[in-house]
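Some notes on the structure that comes next.
Chain IDs A, B, C, D, E and F follow the sequence of writing; residue 1 opens each chain.
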């Protein structure tokens, strides 16, 4: 199992979510973070003084999937997150050793995403 | 050492924190994130137009512990976070290679949580 | 490649960012999180009732670098984040298996940080 | 309230009201008419200030709510004020001032002075005492009713159902408040038979509102999480002290209509004296509350300072037309102490998020009783209601009348309100479900958060909502030209500007 | 507006204005002079209330904006109000009231009554009708113009350029509004030749503002993301319902100056009747809107409740001086229904974030037409404008006059406004770029967010901005002494207090 | 201020005040009495508007603070206003108006007109000039004192100790402000011996407040992080421009009481002219400030637009009763330019977060001097203070008097204030600790954040505070029935609705 951790532009998320859902990956989490990278900072003005902001808002998308599905997910992300401008972000893949579904307590890679066969209690 | 990364309902956190503290795991971090999973979205209405919200607020709990203590922590989380309804969340375990305590600079797994024997400077 | 994940005091970030930038590590992400550790909680009062806050605001810094550069980064963090008081935070290092630059789709450790030699399109 | 003042002008008012065409036709202004106009102008200004107290209550309540219930406070104030406006005009005003029965008035339903002004004037005995336009009297009395109704709801916030409160609002504005105000303001038994003094309504407006709140609260219960498993109260902080402050300052402002307007005219500048008395008490209320809370918990609780102001104002409301300047800071200071001690005591058992039971209830009782202590002979005579207070007369007589009034008002309003809320609870229900309470009234009853961006994840706001800073090419502030340039000149050195 | 009322007083005003030194010199006050002063006082109070409606519009607009555009609303209201103040004084007032031509006035530019009061009085025919100080008339009329201008901008928010709106503001306040108000308020052709009734400006102020908004909107287009790829509207929720509520309550307050102040004096207390009528309609507007939206979508939309209040107020603005009490709740209720249906319908094709097209446009039309239905014979006569409405007279005559007035005002204002905005669009541009719109007007036009801490990352705020809770040694609330102690006594047990 | 106007009425006032019982007894209203009532009504309305300026200052200050200090602003305004109310009534009013000494008054401490009205009237010489109720005069003058005090604190925000500011507040309201206002308003040496013109207090109220602020600031120092290691100023943005806007609009509103109310009556409608003059200057102030800041930094700084309005208002405060309409936009425009340049210049060395030193100090000086330039002969005569300005008379005489007044006021207030703050600093301390400053005054002094949900982690708010969206079964908006259904019908397809 792998954790796909992608820093993307906030506006890119919606189409990614839709495609992932269609591809059978409904489960993921996002977090609003600030990133510094190659992208320029901004200078703001307030009552004559300046403030330079180097950190830009990014969305961090976290999605744990079975190892063989990593490329499927990263490709979906790349498809929508790429504008070609500096600041598009990065995707990192980390190893995951264990996964547990809280609702049932079951563990293993079948808990990662929703599966057709699975029973849905509520 | 392992990083336990749990996505749970926000209201489940308080009892988990208390039990972990009692069990000798005072050190952890949380973050307010938004998750998408099996849980239904909500439809909101505003001046006649609709807005469908697919992401629900979750709490992400991060706790690095020694490898042999992982199950102790995950069981504590499962005990309180499970309502049996869709949306209870997931727990993931990732390998951690190094841990450093900033205050002292010392590293190794003894820095992860507070230990009885340890010196507490201030 | 490694992910350096550091929980630090918010006020420590600025000098760390500056030093990392100077050392050739412009790329990183931060997130405002809440942490529990050895640090005392605070008691707040509101209309005569009390509320004890055990979680303190921390900054989580995430920076993926080549394996051999981990110590360079952690030392920079330690230099500025250490006050010697309880609550200074922790640094964890996790393995990263893959890194992709969204803008170009290229992957590998050369995407992690900006390199002199690299072409900068926009 | 001074029933026998300037009685001679009444003929003029009648003439004026009855014969507008004549008034228009006449070439020279008459002084009598000008006095009526001046009185009407002052009372309308006062009424407009009191109307704005709705915003004060709204923001007090909103500020003391959590963010997930902030929008509901807006809907609540708009709905209640509107219901009260219609109900009071249709029914309430007639019960309150449409005749001189001991229990209630009987004439003037759906009052329409403009279509038949003589009839209106003949229906309202108070117009024989005060030389103002009938519409001004109706409007002024209505905004008082609306204040009293607004007081009910602070205590119930974050859990009461929309449908529940509108039912009570109709009954309150049409019947409960009007009948009580008839007893004390409109020539009813407490005023006439017992000489109860309540210049602007410490009892009529404030205690009554707080009593309705208490009845609702007992049937409603505390907010989820207010009391721990051990039964100890837990702080559930409101989401915005600045909005609480806005509410308090607007209320303070409105009170300059509330008390000084209750002179129902500009006669001999009395209203200025009432205003000064009011301000001194409010100021002392803040000081009393701040000192008390600091003594008890070593911090200057912001909400308590605000409650102190309100308690001072509520406390001086009944005495404001009856006491000399020197008494005002004393009355206010005591009210400030009472409200803090009251909030702390009540909080142990009941969940009153805004402190209305103390600030309007206890301070309302104190204010009403204070007349029995401080009313000066001069002013008792001027108002022609009751006798001087204990400190002047040495007699407990007036104090007794005041206590009786408080007890009667409390018992009647509590019984009726409890019955109404009980029926609501057993039929349509008084409270939202636990899940709805957790989610917040905004999303549950109103379909959208009061602060959408706080609760809706950024990407759900649509592609256009990426927010500041997200786009790549806004490197330089404001100027798209520069932005375009910066886009093409990004270089190694430009990547991360210092 | 009653042109022939108390005409006799005009000599006194002239004398007073012309001869202040004499007035000062004379030892005894004269009743005539006192009446002028009283009228002036009431009209000034009303004007001040109307001035404060600027805050109402500002917060309505700010609350309905996303947080990234919240500050721009502040800059917009300050700038527009200021431009209007200068432009109306310099040019507008003369066009509106400086003579009795059918199209526009011609005297009184840069009015300076104080330097030459007799001249001012001779320039303004209205001063022969109303006995108030010339400055009060000017100020009262100016704040109306400023309200009308403020209405234009809500519809354009979150995307219009600063430079675009200031240009239109100058033209609107100097020419468009003054000319139209001359036609209907100032003795122009609609008032004189057709007897169009518009007591306080359902058409003059509200419809005109909404018409300008429509012209702007058609050239401006919807906000990015308002309509999905399928063309269906998507909700873009404003960021703060409490601020919307503040706006609505301030507007409601201001309307007690708007309508009752349009009596332009205190004569026989008419203004109190107008106030009551106004309040009944507003209340019914809220009720109508709440019932309608609940029937349609099963939630009590907060913004719609607020729109209902405003629609009720707009609807009663024209009739407020012409109808009896009973008509007010009906007019308001219908306005409340109209505004909800209107917002939902318009939202399908046009992006009007605050609902101004419905609340000021449709309700303004309804209000103007309502005079043709409900105007009572008594009040038509008192105001000496037009005839009774259909329900009294059985004749469609007045309704026709009203419809004509609406059509004329709409067509003229729409054409001129569209032309002005078209020229602006083709020259300096009407709208910020897509990137700027995404980033928000605050940062792009004003250099800083309206809520900096919401958008600036914590560490960028400087080392001093670490914020509460971050520092280690503030263990106990408030007291540094205790904090110091807690620092040194941290122990195993103390590490994580329960 | 016109000392010799309508002097004849004074007997009537005395009679009225002295003999309320008689007034009541008499059957016919007297015109003299009605004039007093009208004057009193206008002055009270004005005073109430000025009172509300407290909310304006509060929100200006709150908006310009960071969120962690937002609640402290509420506590500060309530406390200071309350202290001032008691201190001014007890001591201040007597020093200011209780006699005609050149330095200070000596009678009327703890004034209680109602218990002994003849005495009160005999103590206050001003009541011989103005025919208003004594309480109205006291209240009007008190709210001015409270405005001046409020000005002091904006400069000190985010770091001054609660205990420090209450001490200065007592001294300021009891002594400093009253003595200075005696010199210029109350018949003291600057007014009588030098004919200094200051109609509503550019110097008395605004410059004095700013001077106190400067003294405090010099001893207090800048906020942590304001100046970088290189000594260059760094922006510390306030947290809410909408609240700044609210503050500015409320202040603008209040100014319609401030300047026009300073006529101390309704005589010949002069107050309407003053209001118009005031508005023109404020508008020009906004325009001046916007143009200046745009010229300097290419963005329309929102706070600067607000400062421009205030500077325009402060600038016109002294001249408002002395100048013709045409002068107002000029005075305002210059004030708008001054405030921007002043803020930028001062910001280089001193940390004045709200710009009070410029907006009230520099613009106050400009306004006072402007009388020496623009005062018209007609109005100098009407007010019977000083001579016409340079542009009419060609003489520098009045300008000299104005400059002398400014210098005297500044020097005296600065010295005394500096001494008071110095003693406070050396004893109880003026400033919170660095750690407390970082944590914010809200939590440190008031025990709780002004915005609790912003600073308290969600789970700490208790189990009941899970917030919207968290619960599983609220799938459909609002309706629990549907929610229950949705719970049981969740299926594969229903899991993730589009």
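Couple of notes before you dig in:
The rule is short, and it goes like this: a contact is a pair of C-beta atoms (placed from the backbone, for glycine too) under 8 Å apart; a residue touches a chain by one contact, two chains touch by 3 or more.
Note that the coordinates shown come from a computational prediction; the quantities given were computed from them, not determined experimentally.
Separation of chain A from chain D in touch steps, taking the shortest path, is 1. With contact taken as defined at the outset, chain B and chain F are each touched by A, C, D, E. Simply put, of C-D and C-E, more C-beta pairs touch at C-E. At the interface between chain A and chain B, two copies of one sequence, fewer than half of the residue numbers in use appear on both sides, so the contact is built from largely different positions. Centroids built from CA atoms put chain E at 46 Å from chain A.
The distance from the centre of chain B to the centre of chain C, with each centre set as the mean of the Cα atoms, comes to 18 Å. Chain centres here are Cα averages; for chain B and chain E they lie 51 Å apart. Chain contacts: chain B has residues 11, 17, 21, 26, 30-31, 34, 36, 38, 42, 44-46, 51-55, 57, 83, 85-87, 94-95, 114, 120, 122 touching two or more partner chains.
Contact with two or more other chains is made by residues 31, 34, 38, 41, 45, 234-235, 237, 246, 297, 299, 301, 438, 442-443, 445-449, 452, 455-457, 459-460, 462-463, 465-470, 472-474, 477-478, 487, 490, 495-496, 498 of chain D. Chain contacts in this assembly form a complete graph, since each chain touches every other chain.
Residue ranges on chain A touching chain F, taken from their complex, read 18, 21, 26, 44-51, 114, 116, 120, 122.
Interface of chain E with chain D (complex): residues 5-6, 8-9, 31-32, 34-35, 38, 41-42, 45, 49, 66-68, 223-226, 234-242, 244-246, 248-250, 252-253, 256, 260, 266-273, 275-276, 279-280, 282-287, 290, 297, 299-302, 305-306, 308-309, 324-326, 329, 376, 378-379, 381-382, 432-433, 435-440, 442-447, 449, 455, 477-479.
The touching residues of chain F, counted against chain A in their complex, run 233-235, 237, 293, 296-297, 299, 301, 303-304, 343-344, 347, 355, 472, 487-488, 490-492, 495-496, 498.
Put simply, chain B touches chain A in their complex at residues 2, 6-8, 31, 33-38, 54-55, 58, 60, 70, 74, 77-78, 81-95. Those residues of chain F lying in contact with chain B across their complex are 457-460, 462-463, 466-470, 472-477, 486-487, 490, 494-498.
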